[in-house]
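Written below as structure tokens is the structure these notes are about.
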Amino acid sequence: MNPSDLAAIAPELLLVVMGAVLVLADAFVPALRPRFGAVAGASAVAAAVLRWTGPLPGAVWSGALVVDPLARFVDSYILVAVVLVAIIAGPYLARTAASYGEFYGLLLFSAVGAMVLAKADSLLVIFIGLELLLSISLYVLNAFHRDSGVSLEAGWKYLVVGAFASALLLFGIALLYGATGTFSLAATARVVAERPLAGNPLILAGLALALAGFGFKLALVPFHAWAPDVYQGSPTPVTAFLSVVPKGAMLVTLARVVAALAPQALTPKWLPLLATIAIASQVLGNLVAIAQRDVKRMLAYSGIAHMGYALVGIVAFGFDGLVGVLVYLAAYTVMNIAAFAVVSAFSESEDEPHLITDLAGQGWRRPFLSFTLALAMFSLAGIPPTVGFVAKFLVFRAAVNQGLAWLAVVGVLASFVSVFFYVRVVYYLYMKPLPQRAPAYLEPWPVRVVAGVCALAIVGLGIFPSWLLNAAETAAKTLLR
Amino acid sequence: MWAEIAVSAVKVAVIAGTVLTLVAVMEWVERRGAAFIQDRLGPNRVGPLGLFQPIVDAVKLLFKEDLTPANVNRGLYLLAPMISVSVALLTFIVIPFGAGKDITVFGVPLGGIEVAPDLGVGVLFLLAIGSLGVYGIVLAGWSSNNKYSLLGGLRSSAQLISYELSMTLAVLGVLLATGSLRLDAVVARQGGQFWLGVIPQWNVVPQILGCIVFVVAVFAETNRLPFDLAEAETELVAGYHVEYSSMKFAAFLMSEYMNMVTASALIVTLFFGGWTFPGMGRFSGWPLLALSLVAFGIKLAFFLWLFVWVRWSLPRFRYDQLMRLGWKGLLPLATLNLVWVGVAMAMGWIR
Amino acid sequence: MMGTAVFYLVAVVGVVSALVAVSHKNPVVNVLSLVVTLFCIAVSYALLGAEFLAAAQILVYAGAILVLFLFVVMLLGAPEEPPVGERRPFQRVAGLALAGIAAAGSIAVLAGIRVAAPAGAAQGTAEALGRLLVGPYLFAFEFISVLLLAAMVGALMLVKRKH
Amino acid sequence: MTVPTTHFVIFAALLFAIGAAGVLVRRSGISILLGIELMLNAANLALVAFGRQHGQLDAQVFVFFVMAVAAAEVAVGLALLVAIFRKQRSIDVDRLNVMRW
């Protein structure tokens, strides 16, 4: 270890320290609890500043991590998500009188896990980062509302699925190691380039198991069954976090793994399988979402479908595909957080289902939040001029450029189906009459702030995507060395 | 090859025999010691000073009716005392009882008075096997199908896990100073040299904190008073072994005494120089072996007496006090000791 | 020779006790059978030259993790579950079928690999592993502490009483 | 003569499959967690076997980390089970079925 190694992970160190400080502060200065959200948000902002002003030395810590522009891009949107979630979590925590310190502490630890995952260059670090920091904190955050049956149920289901997936991944890693003799992705790339391992059963079985592990975590069909329950049962701010941060970090990890193994050995063999998973996720996610009455469950199925779209970018691996994936992740983050922020404000109690019918007529009564929700729905459906459209366009264009036009066609058709249930939300908001006894919803200012920021981002990045595009291109270049 | 096996077998027999004899002796010491502390006579009828009392006790236990209550979980009920005894016996195989590196018997190097001198992970093995001891107690408590037993077993498992941490941390300090996991290396490091010409270089001197933590923790690990909450007779009748009688009860009793012997031997080995003694540089071969055994025996006897002494002097802890002591008292102290050893070694204060 | 015999012995014992560990209806028996299996794995580690891991396996799994399991089993009153398949026969069949396919598939794959004779005699001593831990694996070594901290905070949060 | 790596790995694969079956079939939360432990251990064994194959210690370091990770996972899992038990007086995870689509 040398000082430059430490400097390279300064943002992560800051977050770890602040997380621990918050946990301790909860015990020693309970009077400050309402300010913990601000502290957590400020730490995330500070970490982002450190990341953007700090060095990008590439491989550090004996090759455990790669701090490159790609990592910086992913870190940025993870941290943005942390800030937004920290803001909307305030009203939730105040309402349920839960433990502030533990909540924000685990949130920051979880973010550190995601950030480490996004720059992991060793299967060991991937395993620890992915499964444990990311999962262990999230199991607890899911079950955070521990007086509520649904919250505990969500925590348990996520834990069993997560641990099962990590075991699959670990066995996959063992087999991959058996084939290549190294845990380092960089070294794996060299080994694969030197010796053609395409037909090696170990590497195939290992990749299959690892892929299943990733599939569980990304909630891709056929490993998706846990997602709706976990989305519905978790506290809404946690759902917002878990619907964007783990998936983003994991997709980037998947991209790094694929970049290490592909294209020499694998692409032709794996293409149909990955494409099938992508299509199945899109079709099933969108079709089942139509039948949902609970907004959070609907968004869960929509998330399954969206990971299917994003996977198209991995299937069409290459510069365009990678840029598409990155833009997709950024877009997905803002639109999903916007949706969950508004949903959390439109519900009386965390334990009750968040029914779509509850939204009836709210459009005229609560114009700002409703407008944001509508915007998020249009963006999720991929309607221009929102950022969701840009993301889908980039991914499908990458598929077409790689000669996979059929994949793009299926994606577009699936998107058409999805318009139905996204627009139905808007229909309920504006076209349905307000019920006689409409519950008096709170509309705390933090939610409005987050909704405003997200709405601005959805439209702004939709109309002027070049800034995002440039950042994603810089990031993507580093992986395709 | 056959000579090696024979030497090993003799070593095993001698060590196991000694330990089992010690168990009997300790039973006498405990009863007479208790009487001495409480200013009464104690057993004095059988043999001189009541020395044959343990034999009589053993005979009594052997011939008592061997009850197996109707609603116990039979398999586990029978398994529990066996686990306790086997674990207690297994831990002896890495403890060096005396010198003997330079001695050969029938052309076979003796390799020290220890059953497995070549086990590279010595201390780890000890900790690993020692940590299995909890199964005997927990299973006895659970399989008896008795509330008191269950409570005893539960308490015991929590207690053993909590104190194992501090104990291991204290041991780590010694291992850090030694730079090896082997117990004979731990002993060798402490032998021979002196600070200021008079103070033997025993680990207890620089690591007094670690030593205190270790001693307290092994008291808890052996379930001896003041930490015998698993069997606290005033609240739990007899705790985990309330449903056991005859030889099965005796098995628990024996394993407790064996654990006591192991614990004392470990305290001596880790912190008080093991079998080394001042001035041993002048001896070698068989005389050294004999003297080292005597030195070890004296140190061992002191700590065995300490166990008895403490048992009849201190009251029992309450459960919450026990946990508080373990987590808020011993654990920080053990950590502090580890940090101190690390710093001292980095600065060259301890070589 | 000796090692070979020991391996096949522990392999058989390990598999059998693993089967008991996942199928017996008494949770205490489940836990104890798993202890036996993990012990067999520890012996396998020793046969593979990983003596430190063998000791750590017993210390960590048998000595701590499974004791924790036993502790919780007893704390919750050792609940016996109703027979499997009473309410979800489908999942039972599917689960067993999946596992069977997985086992058959992996054995077929693994039996198909041609492996050279074991290459080097890299002994997994405590010292050798320690040097790796604070050398090339320093980041993971430090990082795992954050993980343990998070687990500790989380576990406490879940079970502590309301203040 | 040493045992071939393949045999170790087959042993590991069998244990892995048994563990997976346990996770999928059992209803008691404790048994599910036990199954997961078994799976992780099986993967560890495969790692160590391959590590000997390659003549490296890296795999053993990995296993060391997995042990720490498994301990953390178990701690959280059991804590969650205790919380669930307090809520519904049962650890039959089939009774965790409030949410349906």
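Remarks
The letters A, B, C and D name the chains in turn, as written, and every chain counts its residues from 1.
By our rule, a contact is a pair of C-beta atoms (placed from the backbone, for glycine too) under 8 Å apart; a residue touches a chain by one contact, two chains touch by 3 or more.
What you see is a predicted model; the values in this text were computed from it and never measured.
Taking each chain's centre as the mean of its CA atoms, B is the chain most distant from subunit D.
Interface comparison, A-D against C-D: more C-beta pairs in contact at C-D. Chain geometry summary: the mean Cα position of subunit B and that of subunit D are 34 Å apart.
With centres taken as mean Cα positions, subunit D sits 26 Å from subunit A.
Spacing of subunit A relative to subunit B, judged by their CA centroids, is 53 angstrom.
Per-chain Cα centroids separate subunit C from subunit D by 6 Å. The multi-chain contact residues of subunit C, meaning those touching 2 or more other chains, are 52, 56, 64, 68, 75, 106, 110, 113, 137, 140, 144, 147, 150-151, 154-155, 158. None of the residues of subunit B touches two or more other chains.
Within subunit A, residues 124, 128, 132, 136, 139-140, 143, 146, 178 each touch two or more of the remaining chains. Contacting chain pairs in the structure are A-C, A-D, B-C, C-D.
Residue ranges of subunit C in contact with subunit D, taken from their complex: 1, 3-4, 7-8, 11, 14-15, 18-19, 21-23, 27, 30-31, 34, 37-38, 41, 44-45, 47-50, 52-53, 56-57, 60-61, 64-65, 68-69, 72-73, 75-76, 79, 81-82, 84, 87-88, 91-92, 94-96, 98-100, 102-103, 106-107, 110-111, 113, 115-122, 124, 128-129, 132-133, 137, 140, 144, 147-148, 150-152, 154-156, 158-159.
By the touch criterion stated above, subunit D contacts subunit C in their complex at residues 1-11, 13-28, 30-31, 33-35, 37-38, 41, 44-45, 48-49, 51-58, 60-61, 63-65, 67-76, 78-83, 85, 90-92, 94. Partner subunit A is touched in their complex by these residues of subunit C: 105-106, 109-110, 112-113, 135-140, 143-144, 146-147, 149-151, 153-155, 157-158. Put simply, subunit A touches subunit C in their complex at residues 1, 5, 16, 20, 23, 61-65, 99, 102, 105-106, 109-110, 112-113, 116, 122, 124-125, 128-129, 132-133, 136-137, 139-140, 143-144, 146, 178, 200-202, 204-205. On subunit C, the positions that touch subunit B within their shared complex are 26, 28-29, 32, 35, 51-52, 54-56, 58-59, 62-64, 67-68, 70-71, 74-75, 78, 125-126.
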